[in-house]
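Order of writing sets the labels: A, B, C and D. Residues in every chain begin at 1.
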Amino acid sequence: MASKFAAKSSAKARVGVLGASGYTGSELVRLLLRHPNVELALLTADRRAGQEMRAVFPQFSPFKLPTLVSIEGLDWKKAALDLAFCALPHATTQKVIGDLLAQAPNTKVVDLSADFRLHDVAAYARWYGHEHHTPKLQREAVYGLVEVHRAAIRKARLVANPGCYTSCAQLALTPLLKAKAIVPGEIVIDAKSGMTGAGRAAKEEMLFSEVSEGFHAYGVGHHRHMAELDQEFSAAAGREVTVTFTPHLVPMNRGILSTIYVRGTKGKSVEDLHAILLKYYAKEPFVHVLPFGQTPQTRHVRGSNMTFIGVAKDRVPGRAIVISALDNLVKGASGQAVQNMNLMLGYPEALGLEQVALFP
Amino acid sequence: MASKFAAKSSAKARVGVLGASGYTGSELVRLLLRHPNVELALLTADRRAGQEMRAVFPQFSPFKLPTLVSIEGLDWKKAALDLAFCALPHATTQKVIGDLLAQAPNTKVVDLSADFRLHDVAAYARWYGHEHHTPKLQREAVYGLVEVHRAAIRKARLVANPGCYTSCAQLALTPLLKAKAIVPGEIVIDAKSGMTGAGRAAKEEMLFSEVSEGFHAYGVGHHRHMAELDQEFSAAAGREVTVTFTPHLVPMNRGILSTIYVRGTKGKSVEDLHAILLKYYAKEPFVHVLPFGQTPQTRHVRGSNMTFIGVAKDRVPGRAIVISALDNLVKGASGQAVQNMNLMLGYPEALGLEQVALFP
Amino acid sequence: MASKFAAKSSAKARVGVLGASGYTGSELVRLLLRHPNVELALLTADRRAGQEMRAVFPQFSPFKLPTLVSIEGLDWKKAALDLAFCALPHATTQKVIGDLLAQAPNTKVVDLSADFRLHDVAAYARWYGHEHHTPKLQREAVYGLVEVHRAAIRKARLVANPGCYTSCAQLALTPLLKAKAIVPGEIVIDAKSGMTGAGRAAKEEMLFSEVSEGFHAYGVGHHRHMAELDQEFSAAAGREVTVTFTPHLVPMNRGILSTIYVRGTKGKSVEDLHAILLKYYAKEPFVHVLPFGQTPQTRHVRGSNMTFIGVAKDRVPGRAIVISALDNLVKGASGQAVQNMNLMLGYPEALGLEQVALFP
Amino acid sequence: MASKFAAKSSAKARVGVLGASGYTGSELVRLLLRHPNVELALLTADRRAGQEMRAVFPQFSPFKLPTLVSIEGLDWKKAALDLAFCALPHATTQKVIGDLLAQAPNTKVVDLSADFRLHDVAAYARWYGHEHHTPKLQREAVYGLVEVHRAAIRKARLVANPGCYTSCAQLALTPLLKAKAIVPGEIVIDAKSGMTGAGRAAKEEMLFSEVSEGFHAYGVGHHRHMAELDQEFSAAAGREVTVTFTPHLVPMNRGILSTIYVRGTKGKSVEDLHAILLKYYAKEPFVHVLPFGQTPQTRHVRGSNMTFIGVAKDRVPGRAIVISALDNLVKGASGQAVQNMNLMLGYPEALGLEQVALFP
């Protein structure tokens, strides 16, 4: 299927963004507008249906884009999408993707919600408090962290794009867990995110005056991203892993930084951990491991699809501090989603994702 | 000369950035790294000579770039640059460009300092307190605001890239002055800039704790950008124009917004002013005039080479409020410079400048 | 009435804050908690009735405060307030104050809404699109800018606390208009406000990610604060004055800075304007005129009840730039309200308002 | 000695601030200006000697303050200070305090630098790379965390004010270590600070454009504050304690938040930890323990001398997350210093420190 595009080089894939009025939606539009092999064929936004994208996001004023439509009553067969990005809230996603794939089984889907990230229907029910509405699709879905599941993603019809916090932590820890180089029971992830991670819904606690000039933790001890971390870390380690994870909010728009405290397994020095990461990512276009002892800043990956990882020695012998940084809207969401699309459609993996970070 | 590149399509121009350790320098590198027709052949930074660019700007860590060298003792003939961007401070620029063009007269230069912006040697001496060191080059230099001087820029060897404040104000006012649609003696420009406009030099008054969470005017009544405004506005109006201009600092990194108060000349309605701007910029790729009554925000042009302009009615009859917004590091500096380069080298004007604004 | 407190020195006035869950409400509580002559006897917040203040504003966690109650069904006679601050939205204010003063005619009221600021019932109807509900009270109300109406405020029962933008502009211009030192027809006020001025209501356009890292104007040409400016400036000048006024939003929490462009009347130099302001405010505790040529920053008045004013020469002969800065939540709202209370209750005017600005 | 002030109630202590041009210096002036028992008798600032405080910190423009003088050649006997705050850099502090106490042995000193915090001369030499210049004073100095060493501070002549990071962590952990309720070998402190913690020196890496809109760790694995943590935690635990500690920079002016990961000792539940803290701080005016499960935000203590502490359960059994927040310039520096002064001079401990946090 993907080869179709490779074959007829001038053809562009017809792509839709479901939920274009949120931040991950607009970020997809930003990236796809400049993607050489993509035609933006459909943009949906229920509350803003009938409006132009420029009314919702003025940065698109100079560009021609499809008028926003409601997802209600769309004929997915007629839409004839090669691929749909689904950036919808938790409640509606399962239904929409179920309908879409029933009507247009050849359309591929990258879902940016949490709905298809858990493989285990029981785990899903436990974390979300209800049965999954499309358990068959839940089983079909491939977890979309490219650097870990590249081969499966290439063949997937439905990809569950990972969460931003979990992407950031997994890119730092998965190679170490796979190599059995760190003690799985002693991992502490202290994560800090910019405000766009909370989305665009109008909530008092996300007003500028509430969150600027200050810092705080939230969801201490009980955050839904943990389910995803458990699944992926346990798979990487080959045993059950339960990490300590605390998210915080930073008064900035974009970026996640995870400060991760680990202990090396017997015989593994901190330098060994660094070497494992360096080797694992040697050929990856979007993960960059800094020289030993250097640690990253979120601002240096802003707007790019890059992840920076640093490893430093703790003064407590045997312990290391691993720090990873990415842009939650790019590598943590929409950039990752486009990377998945590129694989699913047989394009070069980095196509449309080459922009350099915007600093300052 | 420019046609050389058009001719041998696979050839890339050899380009240098003089002063790569400042913000306009790094912004040039960001844009040129992804420019399809450019080879970054030389990066200079006197205080950081011998270091890699990644040590000065970690966002470039994943990329191969020339090691930073000192400008002292460079052999410009051997450097064999097709074009040099000069992002050096006021004091040294004239000497460096003088030497460069003496040794390598075929190299083209885009200068981002204020040194070559004034055509009149007397005006230069008056504003800067000393004679120009290379008056001949001063007279040769073309003022590089593309939307006003495109034809001359195409043929220029030395282009003086405009200042950020002046670009923002000129794009809003020049078409109106040319059309004699506003009264030249009653223009008030209240301008607001992000902090990168102050550069990267370590000054107490630019520390985060000094400038965050607050707002202030500076240089009230006496700012050097005025010389440039006088020259360009007088040329556009065909008579001497002296505007009122007050710059302010906003606690943000990027962006300039100019709120401009004008009075229409007899018979010119505010709607007429809007229509003049709309027509003037109808085919411009980097200036977008908003629908009547709408006004721009700096964040919607962030990281892009775009300028947004809005026109609204004042409640005082006959008066209009024109507001323009651009990113001071892109359209206000390095993006404009690349646009100039594209013209000087015969490339498509928008090449390498297509990125969409990064919002949020 | 006021003398009662002066007489029995140990007695404290029973004070209520109606609308304690908004920013002006919490700011009143912050100031009144440390006011030596005040007992906080009543806090209302309809949506949060039954909750403790610490649940709404955690900074009050260590303090004992009355539980929040609904304003519905309150018995104002039984409440026995000496003074009530009303920090309610436009719609409900008139009704609440009407009821309160009907039941408890000896309670004094400082209203922080716009409802009682216009003396002219016709002007009110024109600007707000409906008749005033309590026109008798509208006529009784005294406009509460202390530095202009001190004597009337001392004797008032109902004081209309001025708007934040208008306070800032009036403190700069009223003495100049009274002295007929500036041309009333050529005033341009370019105003910039922090985000708390928009209140605490959950609106998409006030989310951190929407308003940080950027700058924009709003309400261009048509802002309700203009009615108040017209009234007060016309009174000061002794003739009708219509100013140009444009508000902007700055990514900071607190502060308003007004950059005001004026022309001196015949024979009045810019130095004369400065001298007039210096003399007018010589003994005022909360307005400080900077030395000639110096201009203020909002951060230097943050958290204090102070206004800073600077005067500088424009390079256009005869024109001056007057810049004033205050904290919109203190001198622009709650601090001003406490200053009014002090006068109305016969206390020393500065009582409880002595805190020095919090910078950085 | 202290009783002198209690006795003659109208007398004010003569107080000096050495190093008034930095942020802790200006914060001392802010607090002391409103302290009822203090006369600000001396302000020093070497680079700004001869200038008025308002030239260095415009927020003090309305106030009368002593002209800044150089510390060189001051006659400490003639200065006749009851107490001096020393807010000088590391290099000069020991010499200045040595001279001062030699000339004026009855003057009391609160030192805000790190110079006198370590009791052990060997530990000092190891961490700072040289012998202490006044080892006798080093031994005399009392560590000034009031909530831990109140009795000793009352009798001290020289108090070493604690560091901001260490204050924040100690207030959370000391009661738990004293109660042997947590495992000393498994403490991870992930600390985040606002930018004022870096002081006012002009450094490129602290420019607004370098540190806004981003987040990063620094000094990973090797921060001097660790020496202080080791000393105080070991004393509290009665055995050697070495914690893991990572500081980060948040794009805000004020505030430190410490997210601390601990494991309860056998039989100690997370609820027990909370109860221990609640009891320990029951009567403390400046430490507030939140209800179980609630965690603090830095913004809710901004500008106040308050520390908020929260305790929550980790999902890993037996582990707890303790979070503490304070304003690094107040409870983390100058407020703590005034609290020390109050004890040393026999004043009520909270005098002049009653201001409520400034939020938003």
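Everything that follows uses one rule, which is that a contact is a pair of C-beta atoms (placed from the backbone, for glycine too) under 8 Å apart; a residue touches a chain by one contact, two chains touch by 3 or more.
Everything quoted here is computed from the prediction, not taken from an experiment.
Taking B-C and C-D together, the pair of chains sharing more C-beta contacts is B-C.
Two copies of one chain, chain A and chain B, touch each other, and the residues they use overlap strongly: the shared fraction of interface numbers exceeds half. Chain B and chain D, compared by their mean Cα positions, are separated by 46 Å. Separating the CA-averaged centres of chain C and chain D is a span of 36 Å. Chain B and chain C have Cα centroids lying 41 Å from one another. Within chain B, residues 23, 194, 196, 209-210, 212-213, 251-254, 296-297, 299-300, 302, 359-360 each touch two or more of the remaining chains. Within the complex formed with chain C, the residues of chain A that make contact are 23, 194-196, 198, 200-204, 206-213, 251-253. On chain D, the positions that touch chain C within their shared complex are 23, 26, 30, 33-34, 57-63, 196, 212-213, 253-254, 288, 290, 296-297, 299-304, 306, 308, 354-360. Those residues of chain A whose C-beta lies close enough to touch chain D in the complex are 188, 190, 192, 194, 209-210, 212-218, 220-222, 226, 242-244, 246, 248, 250-255, 257, 259, 261, 293, 295-300, 302, 310, 312-316, 319, 321, 323, 325, 359-360.
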